[in-house]
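Every chain is named by a letter (A, B, C and D) in the order it is written, and numbering of its residues begins at 1.
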Amino acid sequence: MMETNYTFDFSTALADRRIPNPILTASGTAGSGKELSQFFPLSDIGAVVTKSIMLKPRSGRATPRMAETPSGMLNSIGLQGPGIDIFLENDIPWLVSQGARIIVSIAGETVEDYAVLARKLRAVPGITALEVNISCPNVENRGQVFACNPTTAREAISAVRRNIGGELPIFAKLSPDVTDIVSIATEVVDAGADGLALINTILGMVIDTNTMFPRLSQKTGGLSGPAIRPVAVRAIYQVHAALPNVPIIGMGGVASGRDAFELVLAGASAISVGTATFGNPTAAISIKEELENILIEKGFATFHQAIGFAHREEI
Amino acid sequence: MMETNYTFDFSTALADRRIPNPILTASGTAGSGKELSQFFPLSDIGAVVTKSIMLKPRSGRATPRMAETPSGMLNSIGLQGPGIDIFLENDIPWLVSQGARIIVSIAGETVEDYAVLARKLRAVPGITALEVNISCPNVENRGQVFACNPTTAREAISAVRRNIGGELPIFAKLSPDVTDIVSIATEVVDAGADGLALINTILGMVIDTNTMFPRLSQKTGGLSGPAIRPVAVRAIYQVHAALPNVPIIGMGGVASGRDAFELVLAGASAISVGTATFGNPTAAISIKEELENILIEKGFATFHQAIGFAHREEI
Amino acid sequence: MEMPTINSRAQQMDAEVISNKRLGAYNHIVLAVNEIATYAKPGNFVAISVGGAGSSMVLRRAFAIYRAQIRPDGQGVMELVVAPHGNGSKWLASREPGESVNIVAPLGTAFGIPTEPVRALLIGGGYGSAPLFALAENLKTKGCRVDMVLGASTAAKIYAPLEGKRSVNSMTLTTDDGSAGTQGRVSDVLPSVIEQNQIEIIYSCGPMAMLSAITDIANRFGVMHQCSVEESMACGIGVCMTCVLPVEGRDGITRMVRTCIEGPVMDGSKVTWSKSREIPDGVWGK
Amino acid sequence: MEMPTINSRAQQMDAEVISNKRLGAYNHIVLAVNEIATYAKPGNFVAISVGGAGSSMVLRRAFAIYRAQIRPDGQGVMELVVAPHGNGSKWLASREPGESVNIVAPLGTAFGIPTEPVRALLIGGGYGSAPLFALAENLKTKGCRVDMVLGASTAAKIYAPLEGKRSVNSMTLTTDDGSAGTQGRVSDVLPSVIEQNQIEIIYSCGPMAMLSAITDIANRFGVMHQCSVEESMACGIGVCMTCVLPVEGRDGITRMVRTCIEGPVMDGSKVTWSKSREIPDGVWGK
């Protein structure tokens, strides 16, 4: 490692908000924050991204909800959660009390859901940004996922934009299960998203060869973990190439500082850590430390310089 | 394992053709066949699927052409090959001389390419079926992949159907990189495909954290190997549910008899082995043997009974 | 939801394998640990990384803590009973002494110990007996009478070490194939054992179907039933929501509750032992 | 394309590690093999599965065969020199004697041995020296004069065992940092070594940039040059097309040729040592 006598600037910007470092939890993989706080202070990472919260309490799906796969896993939680009201009453104040920066992830079943969620959140203090999970089935459109169709993706994001006011930056979280992710990204940015979160899980299935039925109760589930990292890198690279000024929260299979660095080089302004936390409760902290060391070793003076660095001209 | 005193019927049907067992090579992963024949007699497996052959000789892409990924790999070969004429002169007669059953994979850059390839193949003796790889960039349509668009997918398959005559069964090989694979499958079957081959590789990227550039010369490449098996199982399951009478050649991350069985339960009538061969030259043979043992152990009397077995009603 | 203080003693550490011995169908593994040995209570579990560097297995495996203590020489030890089942547990069962494994422990809830001496019945299925021996010792210390019923498919799958047998007043075995004890299931012998010994509380650990059957019998006899459940767990620390069961709360509402953090030890009578693969009607948020 | 008879002796087998010793920056590993030891020729390589069961690494790793022979006791042995580099080679370098690894060998082309005694220069970069010592012995048997130049970034990365030094007439070392031999690169000392020893043929093995530089010098002096190249290989047996280089065939046409099966040993003058990341103009099928 090189000796450095300057102070490395590890902070990053999520639209107009600055956070001290770029490592976040991935939505749905950090519980309410309390569980993880047994292992490290939540204020040590850039921000906690909450699990996607919906309007009403949700039981989620029946078990089995998960299956391990080669270098990954499937999950089918079905957005279990207490609903926005209890969430605002309990979870947010507790996270604020911990000094954590908070990115609230929201999910809806209808465009109106997104609008109402945004209104409920607009005046809440202590929130850094919204992540809008549009990888959910749209009950008004044959259950097709909002993020899989440019029109419904746009509608969900516009609803949030209109109702949140000019205050909170909003990040649209996209599904990789589309023919052309750049066109969806362009559409939601045009609809008012300040940034993007890439990628959500990939639709997959495991069949239990003992029972000879699909393993998960809902048959399909979302594939996450290192197995999908090449897809995440590709999606981030493509979208950053098309929309170089739009900040991206990158995620998908990041389990080490090296992996985080790969997504940053592709164009991510921040990195969410999901599945890796299941294998290692302090994954986010070690990833943060390893990433900082790599960046310093490579001679970057600021984290910002590394964002999208793989897009430079080859000489 | 149960004692069996009946003869297990391991044969399978690819449309109107019957092959003695359901294990095939995956296109592009068995060289010309000669290389693999150093390790086992090619006639021992159901059929050899040739690498996708094009009209003209192709140099393929520059190196690096591959990167290992967690439980998988990326490749970007770019369909290197000698072109259909040399292929028909050299490769086919040699495969025939080995007693191998042959499925010829073809790929084109234009709809007309597919038509010409089909005409060149229609009278060639010794071929069991065609696999039509439509996961290639369409030079007439901004390089968009044929299989990513229902219209271009249909055009390519119709061109083959019209020009091949009624003789050879044709299997359309689809890309998983689409929003709705069932609609593409339905389209190509409607256009005359007798069966489907699922799945081709998933678009991915690896960035070399030393050079800080994409590892592959063409930046993106196709992800294969066990990492993508859950995606293959899901695609096969979805398509088999929608089109239960259309035979599917299943592939994607099959490395053991258990894995092959998983794809069969999802709905595959035959299984292609690709990346696993790179790690183990005799993978196809051990997969074949393991699959047969599993099927007998589970009490199936014929391979046919197991196809799509995971779709039965739960009781 | 309350603030989970439950895993506040949990630590992540590399633990050296001190010994690993085959016992019937299981491996008895002893790990060298630090002071967490004093925090672990019967019922807690440990989550272990499997496969080593470069493994394709990304999730930890959960194992009940069979026993944990500080040895006279000051060394903390944690003992497990591992059934080599799939790739992860097979990997663990093949670790040689001197190798290390990464653990997170102690996790989850523990069996509740009554303040008064009571007549307790401990029921284990297969390796489910593992946490019951340390529990038996604790109960003995409190002056309880402890009876035990262990069941498995076959004799080799009954885990009942000699010293364990010493700490119980009676031990009844059942096997499906009759190779040890009574032929049949644990639930077959249960009514008579409960009646004979005037059981006041049941502690159980084993397959879910067994726990469900025990709950029915316990309810019938009006006996309390603490059971340690075993749902597939991705994280083991309460952050992923994969390990849930429908459980009735103090407010009478049934919720999908995480068995890793509000379990594995739960009040059997509060669990809706419904068919898997569906959310029972009436669950909060259905 | 000719029928590749090249791998006809190749076998896949589990090979026990007989010994594994650290030597400078490398590990010298001896594997117990069967009769393939008699088929392996200098230049051939072995493809090894890494990571064990449940590994996330799906591809084999290629290593030059340093030496292969049947010992007096009848045991076939194959020796490798392994640089612990990434996860796969580190895994291999940490195998203990008694463990087994799965190998496919011998693979690829071998160095061509002249029928007449000639003056040969053997050039190795880093672990690229590995296959050259067995080659030197073969050449000696044919009555050749054998000079050797080995280069590396630093002394610890020069692999030159004592018994190897005995089989050459002269040995010149270069290191980038001057910690052994001449400071500089192999190509710096080459012209004088070629002239002094009136070299007629060069054999080389090492990084691609070194091979490219040697080719230029060999061409300048009109000396034959057989080099062993090192492209990333997914399969090692000619089925995947990942390992190609632009190479001119006997018909004068340059094609993208698989270095695993039509190499790794190739005629240096026929390789287009172009910039990577592009297909040179004029390549067949461009």
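One rule holds for everything that comes next: a contact is a pair of C-beta atoms (placed from the backbone, for glycine too) under 8 Å apart; a residue touches a chain by one contact, two chains touch by 3 or more.
Quick caveat, the model's predicted, so the values are computed rather than measured.
For the pair chain B and chain C, chains touching both partners: A, D. Common neighbours of chain A and chain C under the contact rule above are B, D. With chains reduced to the mean position of their C-alpha atoms, the one farthest from chain A is D.
In this structure, the chain pairs A-D and B-D differ in their number of contacting C-beta pairs, and the larger number is found at B-D. Centre to centre, using the average C-alpha position, chain A and chain D are separated by 46 Å.
Centroids of chain A and chain B (each the mean of its C-alpha atoms) stand 34 Å apart.
Taking each chain's centre as the mean of its C-alpha atoms, chain C lies 55 Å from chain D.
Distance from the chain B centre to the chain D centre is 35 Å, each centre being the mean of its Cα atoms.
Residues of chain A in contact with two or more other chains: 67, 70-72, 225-226, 314. Within chain D, residues 56-57, 277 each touch two or more of the remaining chains.
With chains as nodes and touching pairs as edges, the resulting graph is complete, every pair of chains being joined. Interface of chain A with chain B (complex): residues 67, 69-72, 74, 148-149, 177-180, 202-207, 209, 212-214, 219-220, 223, 225-231, 233-234, 237, 253, 258, 261-262, 265-266, 294, 298, 309-310, 314. Note for the complex: chain D touches chain C at residues 50-57, 87-88, 91. Every residue of chain D that touches chain B in the complex is listed here, in rising order: 1, 3-4, 7-8, 10, 12, 49, 56-60, 104, 231-232, 234-245, 255-256, 261, 276-279, 283-286.
Of all residues in chain A, only 28-32, 34-36, 38-39, 51, 56-68, 70-73, 75, 77, 80-83, 90, 94, 217, 225-226, 255, 275-282 touch chain C in the complex they form. On chain D, the positions that touch chain A within their shared complex are 56, 277.
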